[in-house]
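Please find the structures below.
Two complexes are shown next, each including chain A; its partner changes from chain B in the first to chain C in the second.
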Partner chain A sequence: MKVLVSLGELNKKFNAISSVVPGKTTMPILSMVLVKADKDGIKFTATDLDISVTSKVNGTTEKEGAIAAPARKVAEIVKSLTGDEVSLEVDGEKLTLKCGKSKFVVNGRNPDDFPRLPQQESKTEFSINSGILGKLIHKTVYAVSNDLTRPALCGVLWEVDRHGLVMVSTDGHRLAKVELKKDMGEVQKMNVIIPPKALSTFKAYAEKDELIRVSLGDNSVSFEMQDVSIYSRLLEGPFPNYQKVIPAGNDKELVISKESLAAATKRVSILSDALTHQVIFSIEADKITLHVTTQDLGEAREEMEASYSAAAMDIGYNASYIQDILKTIDGDDIEMRLDKPDNAGIIMPVEQSGDVKHLCIVMPLRIS
Partner chain B sequence: MLSSPFYPAGRDTWISSPSVIAHIDMDAFYASVEILDFPELKDKPVVVGGSSNRGVVSAASYRAREFGVRSAMPVFQARILCPDIVIRPGRMKRYLEVSRAVIACLQSFSPLVEQISIDEAYVDLGGTGALFGTPENTVLAIKDKILKTTGLTCSVGLSTSKLVAKIASDMNKPAGITIIPPSRVRAFLDGLPVGKIPGIGRKNEEALNRIGIKTLSDIRKLSLRFLEERFGKFGSRLRDISRGEYYSPVVPYSQPKSVSNEVTLDRDTDSPEVLGGVLLDLTEKVGRRLRKHGFRGRTVTLKLKDSDHRQITRSVTLDRSTQQGKRIYEEAMKLLAGCSLKVKKRLIGVGVSNLEPAARAGQISLFEDKIREEEKWDRVDRAVDDIVDRFGSGALKRGRLRRE
Partner chain C sequence: MFPINKLSPETCSKIAAGEIIERPVNVIKELVENSLDASSSRIRVEVEGGGKTLIRVEDDGLGIPGAQLPLAVQNYSTSKIREIDDIHSVKTLGFRGEALASIKAVSHLTIKSRSAQEDIGREMRWKGSDLTQDGPVAKNPGTEVLARNLFYNLPARKKFLSSDAAELRRITAILQSFALSFPEVGFTLTGNAKEILSYPASSLEERVEVVFGSGVFTNLRFFERLLGAVKIYGYTSLPGLTRGNRSLQFIFVNRRPVKDKLLGHALRQAYQSLIPGDRFPLGTVFLEVPPGALDVNVHPTKAEVRFESEREIHRLVSSTIREVLKGQGNTISFKNKVESVYRAIFPSGAGLKDTDRKEGFYPGDSAPQNGIPGSSTLSESRPGWLFQELPQSLFEFQGGEESAFTPVRLYWQLHQSYIFIQIRGGMVVIDQHAAHERILYDQAGKNLKGGKAIIQPLLFPATLELSVEEYEEYERISAHLPSLGFEVEPFGMRSVIVRGIPAGVKRWDDGLLLQNILAEKGIGHGGMEDLLKTYACHAAIKAGDKLSLEEMESLTDQLFATEFPFTCPHGRPTMLRVELADIERRFMRTVTPESK
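Moving on, here comes the complex of A and B:
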C-alpha cells in the first residue's frame, strides 16, 4: 500500500478515529486502527467490539493495500509532523510515514487480524437530517443509566414507525422522552435500544446538515454519513414500560423562566450535599424559593417569580438532575407539572418546537 | 513528667515548622479500662481477649507485658508465660464510650483531630498558641485533661509531622511525652531503624538491611531513582520521610476502607452448615454497620483460617454496591462453596470493601421493579436496625439463626 494524504486531513481523520479506540484493552489488536486503500479509496477503521467506525480519507492511492497500525503512536506522530503532505507506505507489517524530512517506520499488525464486526442484515432503514437527529440525541442521551446490572437502561430506546421516531432514556430516577412527528416513508415498526457510545460517536462526526441513512437490525444499528459509517451493537431489552410511569394526573402547573431557574439552581447547589445534591423547591402562589441547608457547609436560598396558583408545597430534587434537564429544553420558559412532593414531576418546554414533542420526568428526593 | 531525652534544653521555636502535630496513644487501652473499672485488678497481669484458649490477646496491661505477653498472642501462650494472668472478655461498648470521651477532650484543644483507631489520634496544634500557649504546654494540658476526665494515661508524641509524632509517642510508654522540635527532627530520624517507618514491613526491612541500609540516614543517601525503582510510588515518599519533609494533613474524618467482622469458632469445623450459620450472623452484622455508617460496598471478601493457622481469603466484586446483609450473605456463601473444607477451619470472617457513601438515600425511583424490590429490603433492614438498636442484637435474628 502507498497513499498520499494532506497533513491536515490525516490529522483530523486519524484523531477522530482514535477516539473510538478503547483506552484499556486485553486485546492488543483493538488498540490499532485499520488503514486500508482499495478501489473505493482510503479508509480508517477502529473498533472496541461494540462499535466500529469507518472514516473515508481524501488522498491519492498509488498502491492498494492495508495494515493495522497502533492508534496512539500514529496519532502522536501525525500530530507532531510539520509539512503539507504525508506518504503512508506499507511493507509487510511495517507502516512508513514520510513528511518533509521526517520518516517513521512503525511496527503494525497483519490487517487480517483486525476484527470485523458481524454485519447483520438491516430490517428497516430511514433517512433523516443529521442536525435533527443530533438534537434528539442531545435531549435524551444524558439520562441513560450506568448501572450495568440493568443493561436495558444503559441505552436510549428508539421506537420507529411510519409516522415518526420516539426516543426514551431513563436511569430509574429521571426520564427523557422526545417524539418526532414525521413521515418516515416505508419503515417497518421497530424498537431498539442503542448504547450511548454509538450516539455520542455519531454526534461527534455529524456536524453538518446532511441527510444520513439509519439502518436498524435485530442486533445492530448503523449510521451512514457521507464520509463516515458507524456500526454498533444494540443493547438487549426489554426496556421498561415507560408509558406507565409518565404521570397523567399532575394538575399543578408552574411556569418559570428556564434561564433564571437554571442559574438559581446552579448558585444554590454550590452549598448542596456533595452526594445527594438536594435542593428544596418551595412553591407557593406566583413564587418559588430554592433553598439548600447542608450540615457542615451552610445554607443558600434564592427567590424567583413564577406563575403558579395551586397549593403550596416543598419538593426536594437532585440539583444536577434539574440542571441536566434544563440544558436540553428549548425555548425561554419551562412548565413543571407536579402532583405531590413524593411523586414524579414533569418538566417540558412551554412551547414545543415544530414537530418535536419533548418531555422530562424527574423523581423527587424524600426530604429528610 | 517530661521524661523525654529529646526534650529541648532551651526554648525552641516552632515557627519554622509547617505544622505542629501531636500523636496521642492511650496506654494499654482495653486493659487499662478494665483496671479502671475493676480496681481490684490493679497491679495484676491483665489481658483482654478471647476467654477460651483459642482466642488471641487484644490488649495486655503493662504488668502482663513484663511476662512477655503481647497483643495478638494466642491466649494459651499468654497463660504459659504467666500462669496467674487475668483474662477479661472485651467490653467493646465501654471501650468505645471511653474512646469518645478521649476524642472529646482532644477536640476541646483543636478542631483538627484525626482518630486513627479506638485508642489513637492525631491533633493538629497549628494556630492554637494564642489559646493554650506553646505546643509543649498544650500537650501537657491534653494529657492532664485526659487523665482527669477518664482516669487513664496516654503517651504523647509532639513534632512537626504526623509521622514523626507517631514514632515519638512510642518512645516513652507508658505515660510519657516525647517532643521532637523542628531543629531535632533530622537528628531524630537519622538514627531510626528503617523498620520503624510505617509501610516498611519485615521483608522490606530485611532486604534493605542486606544492602547496608539500616537507618533513615542511610535512606537519605540513596537516589530518588533507586528508591522509586525499589518501592515504586512509595519511593518518593520514603525520601521525603527520611528528610523529615513528609507532611500529610490531619484529616478530622476519614472514610473507612472496609467493614468486616470475624470470629474464632468455639471448635474447629469442616461443616458447611455450621460455617454457613456463622456467616449469616457475621454478614448481618457487617450489613448493619454499613447501614449505620451510611456506606455501600461492592467487594465481598471471605476469610478462612485453617486449624493450622493457614489463612485464605476469597473475594468477589459485585456489579452493584450493597449494604444488605442478605446480599452479602449470598455472595459469601458462594465464595464459601468454592473453598475446600478438607482441613477444619478455626476462624471465619467476612468483609465488605470498595465502599462508597450510600448517596441515593432519599431518591425515589420511577419503576416498580428490581430497585423497588431492593428498596423494600432496605426498609426491612432499617426496621430491623431500629429494633436491634433498641433491644440489643439478640432481639431479632434471621429465621435460620434463631433455630441454632
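Moving on, here comes the complex of A and C:
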C-alpha cells in the first residue's frame, strides 16, 4: 500500500479515529487503527467491539493495501510532523511514514487480524439532518442510567415510525423525552435502545449539517455520514413503559427565566448535602425561593420572580438533576408543571421550537 | 474410702494456700501488695528459675516490729482489718491475712524485717512448718521476704508450672500492672541476675510511657472524668492501635488490678464500630470509687470486684473513653510520628498468629514482627503506614508559599479501589469501600437517631420477590426502613414494592441492594447496629467502581466530616498514610555520612 495524504487531513482524521480506540484493553489489536486503501479510497477504522467507526480520508492512492497500525504512536507521530504531505507506505507488517525529511517505520499487525463487527441486516432506514439529530441526542443522552443491572435504562430508547422519531431516556429518578414530528418516509415502525457511546461518538463527528442515513437492525444501528460511518450494537430491552409515568394531572404551572433559575440553583447548591444535593424550592405567588440548610456546612437562600398563581408549596430537588435538565432546554423561559410536592414534576420549554416537543420529568426528594 | 477425719492443720494450710498460690506470680503479687500496703517507696523483686527456685521481694516500707513477726505468718492474721465490717471500707490491697501463711505452707520462707522505730531487725527462717532460724539481723528499715523451692512439697502442682520464661513473663506482667497503679513507687525486677524492669518513681504519665514504650505512648490518649464520688481516668489507645488479646489492658479499681467483665465490656462498647470485633484496645483504666460502693471480697485473688451501681459505672467508662476517641477532652499533645510499634497493629496474615505475638511480646518491645518469615511485602513489613492522627496542617497549604491559594491536592485511583492523595510529606491511601461505608453508616445512624432521611422516590417502583427468610427479615426490620430512606410496602405473597430509596445511594442495582440487606441473616435480631452496618456495607461503592476526580474529592471530604474517619464500621482502617521519608528509606535515599 502506498498513499499520499495532506498533513492537515491526516492529522484531523487520525486524531478523531483514535478517540474510538479503547484506553485499556486485553486485546492488543483493539489498540490499532486499520488503515486501508482500495478502489473506494483511503479509510481508517477503529473499534472497541461495541462500536466501530470508519472514516474516509482524502488523498491519492498509488498502491492499494492495508495494515493495522498502533493508534497512539501514529497519532503522536502525525501530530509532531511539519510539512505539507505525508506518504504512508506498507511493507508487510511495517508502516513507513515520510514527511519532508522525517521518516518513521512503525511496526504494525496483519490487517486480517483486525476484528470486523458482524454486518447488520438493516430492517429500516431513514434520512435526517445531522444537526437536528445531534440536538435530539443532546436533550436525552444525559439522563441514561449507569446501573448495569438494568441494561435497558443504560441507553436511549428510539421509537421511529412514518410520522416521526421519539427519544426517551431515564435513570429511574428523572426522564427526558423529545419528539420530532416529521414525515420519515417509508419507515417500518421500530423501537431500539442505543448505547450512549454510539450517540456521543456520532455527535463528535457530526460537525456540519448534512443529510445522513440511519439504518436500524434488530441488534445494530449505523449512521452513514458523508465521510464517516458509525456502527454500534444495540442494548437489549424491554424499555419500561415510560408513558405510564408521565404525569397527566399536573395543573400548577410556574414560568421562570431559565438562566436565572440555573444560576441560582448552581449557587445555592454549593452548600447542599454532598450526597443528596438537595435544594428546597419554596414556591408561592409569583415568587420562588431556593434554599438549603445543611448541618456542618451552613445555609444558602435565593429569591427569584416567577409567574405562579397556584397554592404555595415546598419541594425538594436534587440540584444536579435540575441543572442537567436546564442545560438541555431551548428558549429563555421554562415551564414547570407541578402537582403535590411528593409527585413527579414536569419541566419543559415555554415555547416548543418548531416540530420538536421536549419534556423532562424529575422526581422530587422527600423527607421521611 | 477412709473414715471421716479432721484434717491436720498442715493439710488445711496446704489446701488453703493452693487457692491463693497457684504459681510463682501469685507469691509475688501477695508480697508486693504487702510492700505497697507498708507505704514503701521502692520495691525490688528478684527471681531465679522463673520464681520456682527463688523469689525475693524487698521494700523500704514500714517494716514489721520484731515482736510481731511470728504473728505475721499465721493464718488470718493481719494488720489491715480488725473485724469483718472493716472489709467494706478497706483501703489496703490485702486484708485477708492469708498471704504469708500460704507462702510458708508451700515453700521455704525467710522473712527479715526491721521497723523504723527499732535499731535492729529480726530474721526468721522456716522449712515447711519447722522454724530453722530466728534471731537479730542487721538491716535497713523495711521488709525482705524470700521464698525458696516453691511447691517443694506439692510435686503435682509443680508439674503444672510453665517454663521458666513463661513464668517470668507472668511476673513481668504483674509488676507492670503494679507499676502503672503505683507510679510514685520505684520498681525493679531482676531475673537470674539480669535486670528486666527498672522503673524509677515518677508521675503517672511518665510511668505509662515507660511501661507501654514511647512508640505506643504517642498513640495513647489521656482521659479523665468525675461523676459524683466516682472518678475515672487513664490512657487508652487510638483505634488503629489494637492487639489480638487483652494482655495490654490494665484495669484498676481503687488501684487494685482487676480482670472485670463489666469494665472489659464497657471498654469494648467504647470502641464499637471503631475496631474489628476480634481486636482489643491497649491502655489503662483507673476507677476510683468509695470503698463502700464496692465488694472486693468476691474471690481470693481479688481479681473480680462487684460494684454497687454497675450500670452507671459501665456507662461512665464507655462514654468517657468514647468521648476522648472523638478527639474531645484530649489533654496531651501528640507527636505525629509513626512508630515501629505499629507493626503489631495489623496481623499480616502471613503466619502471624495471635499466639505468636503473645509469646515474645513485651510492652515497649517493638520487635514482634521482625523475625516473621515471609514478611517481605510492603504492607507486611511496614504496617507503620497506618494512618493514626490527622496532623492539623495535612490538607492546608498555608504559610507564605506560592501555592497558598491553589492547594496541591492530587487524587488518583489505583485499580479502581484505592484513592491516593498527595499530602504534605507523603500520601494518604484511602480504601474507597471502607471510606464510603463509614460515611453511609454515620449518616444512616444520624437519621435513625431522629434525623430525617431523604428519600429519592422511584419513577418506576421496583417489585421484589423475596424468599421466606428474606420476607421474615423484612417484617422484622420494616419499621426501621423508612428512617434509612427506604419506602417499602408489602405487595402480597412475599413480595414487596419499593417506591423510594435513600437519596444519593449509588448501588441500588434495581433492588439488589435491599435484597442483599434482607438476605443477611439475623440483622433483625442484632438490632439497629447490625442493620446499619449491613446497609452501609451493601450500599457503599465497591472496589472496582471507577470514580471521577470530583467523586474522589467529595468522598474524601465527606469521610473527614464523619465522627470517626479512620475506621469503617467493622473496625477496619479506612486509610493508610505513607510518609515520604518511608519511601526515601526504601530507595535507600536516607542520607548517611558514607553516601554523601
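In this text, the second predicted complex is superposed on the first by the 366 of 368 C-alpha atoms of A that agree within 3 Å, B and C clash if a C-alpha of one lies under 4 Å from a C-alpha of the other, contacts with A are read in each partner's own complex, and residues count from 1 in each chain.
Here is the rule we use: a contact is a pair of C-beta atoms (placed from the backbone, for glycine too) under 8 Å apart; a residue touches a chain by one contact, two chains touch by 3 or more.
Nothing here was measured: the structure is a model prediction, and the numbers come from that model.
Taken together through their common chain A, the two structures put chain B and chain C in a clash. Touch criterion met: A:Ile367 reaches chain B and chain C at once.
When the two complexes are overlaid on their common chain A, residue A:Lys39 makes contact with neither chain B nor chain C. The superposed model puts chain C in the path of chain B at one of 6-14, 24-32 or 186-194, which is 24-32. Of the residues of chain A, those at positions 147, 149-150, 170, 172-175, 240, 245, 275-276, 278, 316, 318, 342, 344, 361, 363-368 touch chain B in one of the two structures and chain C in the other.
Taken in their complex, chain B has these residues touching chain A: 319-320, 357, 359-367, 369-371.
The touching residues of chain A, counted against chain B in their complex, run 147-150, 170, 172-175, 240, 245, 275-276, 278, 316, 318, 342, 344, 361, 363-368. For chain A in complex with chain C, the residues that touch the partner chain are 147, 149-150, 170, 172-175, 240, 245, 273-278, 296, 316, 318, 342, 344, 361, 363-368. Considering their complex, residues 439, 443, 447, 452-460, 482-483, 485, 487, 500, 503-504, 508-510, 512, 554, 557-558, 561 of chain C touch chain A.
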